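Both of the next two complexes hold chain A, though its partner changes from chain B to chain C.
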Partner chain A sequence: MSGRMELVCPAGTPATLRAAVQAGADAVYCGFRDETNARNFPGLNFSPQEMAEGIRFAHDHGAKVLVAINTFAHAGAVDPWRKAADIAAGAGADAIIAADIAVLDHMASAHPGTRLHLSVQAAAATPEAIGFYAKTFGVRRVVLPRVLSVQEIAALNRAIDVETEAFVFGGLCVMTEGRCHLSSYASGRSPNLNGVCSPPEMVSYDEDAGGTAARLAGFTIDRYKPGQPTGYPTLCKGRFKAGDKAGHLFEDPVSLNAGSMIVALRSAGVTALKIEGRQRGKGYVTEVVRAFKRAVEAAERGFDPTAIDSILASLSEGGRQTTGAYRKTWR
Partner chain B sequence: MATQNDAISLPAFARLLPSFTGLPLGPLLTLSLRSLARRRPGLFERLGEHSSARYLIDPTDLPFAFAVVPDGTASVVRVTGKSADTPSDVTIRGPLLMLLGVLDGTLDGDALFFHRTVSVSGRTEAVVALRNAIEDAELRPSDLLGLRGLLGRFADAGILGGLSAVREFAASAPAREEGRT
Partner chain C sequence: MPQIGLTLGPLFFHWPAERLRDFYNRIADEAPVDRVHIGEVVCGKRMPFSDPVWPEIIGRLESGGKEVVLSTLAAPTTVRERRSIEEFCADERLVEINDVTALPARGGRPFVIGPLVNVYNEATARFLIRHGATTICPPVEVSLKTTGTIAAACPETVFEVFAFGRLPLALSGRCYHARLHGLHKDSCQFTCEQDPDGLAVDTLDDQPFLAINGIQTLSAQVHAVLTEPADLAALGIGRLRLSPHGCDMVEVARTYRALLDGRQDPEGARVALTRLGLPGDLVDGYARGQAGSRPVVHA
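And now, the complex of A and B:
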């Protein structure tokens, strides 16, 4: 690929948007305070006025704002999604990130001048699927599902003529995005339709003599001994008992850090690197963006992956990390 | 050395302070919060329906707690005892210096919660809303005191510097104790 890779960073609040821009983000992605985006948590996200102010701030500092309207519209009630798209386009968003065909169609017909990025929620991972979205709606970039190896991304990029964006850091959904029904099953609300996985109104931390039980809608997702660090009860990262064994049946509670893969992703033709974490705070976002900015610059200057990895070493926080599907190995 | 997630408590004598339930601390904090709501209404709008929730903020190293309803210009703060009978939707417990660190953005509230330095019980969604509202607020002491300009900057520098010094002093207390034995 030609040109420098773009660093796309998360913002759950206006303060975090400003922090991300000041830390060196090339683009910030964020959403409105409703069900139209996949991080619909209480107190998070932007009002229309805050979005307009955030876009002005980003543009004044040379950064872009990509507005996520990436949940699936409810049958017979598409208006909130169309309205969100209209407000974002009117505020000067640099792109809309969408997955629902109704939203993509509305954008293509009502706002043809605004770039369209295909959300990871659309789970488009084949040249045929991506070609359909590009040809039908004029999608210019695809956010890749986190199930592809670097070799598969390289092959995909050779077969398509739109940009690709790859997640490089943060929480990891190993399920094919947009098709996970775990949260719906347990709570009746889903990231795909309501924008929230493990809705907090159904989360409880219950103390007893043995420690703390983290529950979602009454289901125990994990138990912690007294004093042991806890986690948010997300079903896919829960610890369950099957037969006589307890373990992480769906997914180990590890987070993605593909810093060592930046050079490989660049060679594979990836245009933009995405950091996950719109629910994370300013301090976290600032630290991660600064480190990845230095890592991307090092990659552009031809540093090797080991040197880049050392730049990002401070981000491990003692937690377990993985390069995910990018580097597939036999076990 | 204390890490950011380690609990740093006030010296033990703070627990011996008299209860402030009879003093005008509650009305003063109520006025301060209502004044903040007039100046920065967006901060409270972010709480949405949770602005009417009853938050019990319980500094574990003080002999009293605060019952807060952050309802914009109708906000109420009461100083209460430690009784479990105080009605609340959410209870947040932790050392005062850590709670103040979350409020002024010095400390990461998520990390403090997941490492058990701060404990939370009750309606999780109201806690999440409060956490996100505080995260966006970028509150300075001058915001709470209603001070602006040079006076506000002096207050921020003095209070934040003072809190930082107290945290360092409290964090080094275990090391001083070890040195004595």
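And now, the complex of A and C:
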């Protein structure tokens, strides 16, 4: 792998976009304020005008903007997705991040000059799948599913001729993204269709003699003793019972920090490192982007992973972190 | 009105070879389904156990007059798994695609799109039809009405609805059976074999919720689309898919055939199903455009 690794940073608002660019992001990813993007949360995202302004600001400061139109278009109403793609391309977006074949197909025919990135929501994890998207729609970069080990990523990069982008920090889906209906099973609202998971309007914290039950649409996702701090009931991070065991059956409430894997990911041929967190504020984004910028530069200069880890140590927020699937412990 | 077909979908669970043989022999002889999917969909590590028995099972099913569809892996990772998809795709029989990996291997010859491939709209459906899709079974969270909207734009293709069974809700890179038993995926000891319908997952308040099956998560409840055949036909739905479980699947198929032939009303079918010792209560929220866990409403 030659050339510098690109740092791709989240922006949920125009202010966060500016903060990420000023903190040293090589590229910022963001979406429109509707169901066309996978972080459709209240108070977040961009109007078409804000998007155009954000792209101008980023370009003036030497950064790129990647626009996520990465949910699946609704039946009988595909046009809003096509229109979002048209607006983003027209505003000079450096790439569109898409998962739905309907959106990819539209981009390939209507905007062949605009770079196309395959969203993690497309869950393309084999040379055959990635090759199909590259050949059929001209996809230039694949955001890798967060279920691959570094060894698997290296093998994949040897077998494909498009760029890869890997998540290194932030929230971690333990299920293969784009292939998870847990949220809609409980709540009726889904990541694929609505851009939301475990939606806040369906969350309740119910007190009883045993303490507090954190529930999603009536299903108890976790329980806390009186006085114990409660967490957000994200479905796959809850505690459940199976067989004679109770606990975090799917995943502990941890977040991803693959800072120590930057050197390995670089050797595995990864082009870009992605930070999750479009729902985060500008203070957080600034801090994380600055730290990762230093970490990437240290990796380029040949620092060892321990030194890089210490640059990122301040980011743990006291929460537990994992390197996810990268270290192969899932296998 | 053309008859609505019945499909026996691929088995998601890890059953021993002997049980597979017995199960499909009985399906071949007794079940009123016209199409049967065979093949391992969930975990490539199980394939060495089931691969040797499929040829015999295919022979039995075909001599029993069933159309056999070869289902492919949903989350291939290893070279061996990817090669198995290529081999299946080279077959002259119909193949079910459960991951885009299989699409180029099929090379435009006819295929079924399974519910683990994301077809949420008519534009994606039409693209896949141009590449060879002759039957499309949309993801389980797609409502009957939405399936109807897609079907109306694609009259040349058969639309199939996931109509019976624990709902396939999620796939992961991690094996939950192995994790639960404190094992690694690569040395999992095939603990999933102990749970022929998956292992029930309850909430801490004892609400039945989900079920784990290796890398797959399903609903604890059993999804059942019990809709009048005329209403299904009006939506352009041509097939119902029944997902194999440990209960009497011949009886499940008979119940659905009776419903589709007008010999049984939806309420009668619901009561008949609840007598079969199902692994969970009946739900159908997804079919109605609601949360999938919503119970079937009694007549």
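Just so we're on the same page, the second predicted complex is superposed on the first by the 315 of 331 C-alpha atoms of A that agree within 3 Å, B and C clash if a C-alpha of one lies under 4 Å from a C-alpha of the other, contacts with A are read in each partner's own complex, and residues count from 1 in each chain.
The rule we apply is simple: contacts are C-beta pairs under 8 Å (C-beta built on N, C-alpha and C of every residue); 3 or more make two chains touch, one makes a residue touch a chain.
Everything numeric here is computed off the predicted structure, so don't read it as measured data.
Undergrad: If we overlay the two complexes on their shared chain A, which of chain B and chain C does A:112 touch? Say first, second, both or neither.
TA: neither
Undergrad: Once chain A of both complexes is superposed, is A:14 in touch with chain B (first), chain C (second), both, or neither?
TA: In the superposition, A:14 touches chain B alone.
Undergrad: Comparing chain B against chain C, which has contacts with more of the residues in chain A?
TA: Tallying touched residues of chain A, the top partner is C.
Undergrad: Enumerate the residues of chain A that count as touching chain B in its complex and touching chain C in the other.
TA: Overlap of chain B and chain C footprints on chain A: empty.
Undergrad: Would you pull the chain C residues touching chain A in the complex into a rising list?
TA: The touching residues are 74-77, 82, 85, 99-105, 116, 118, 120-124, 127-128, 139-142, 146-147, 149-150, 167, 169-174, 176, 179-180, 184-186, 199-207, 209-210, 212, 217, 219, 285-286, 290-293.
Undergrad: Show which residues of chain A lie in contact with chain B when the two form their complex.
TA: The contact residues of chain A facing chain B are 12-16, 41-44, 47, 50, 199-201, 203-205, 207, 227-231, 280-284.
Undergrad: Touching residues of chain A toward chain C in the complex: what are they?
TA: For this pair, the touching residues of chain A are 72-78, 99-102, 105-106, 122, 124-129, 131-133, 135, 145-148, 152, 174-176, 178-182, 184-188, 190, 192-193, 213, 217-223, 236, 238-243, 245-246, 249-251, 325, 329-331.
Undergrad: Could you list, by residue number, the parts of chain B that touch chain A in their complex?
TA: It comes out as residues 42, 45-48, 50, 105, 108-110, 113-116, 120-121, 123-133, 135-138.
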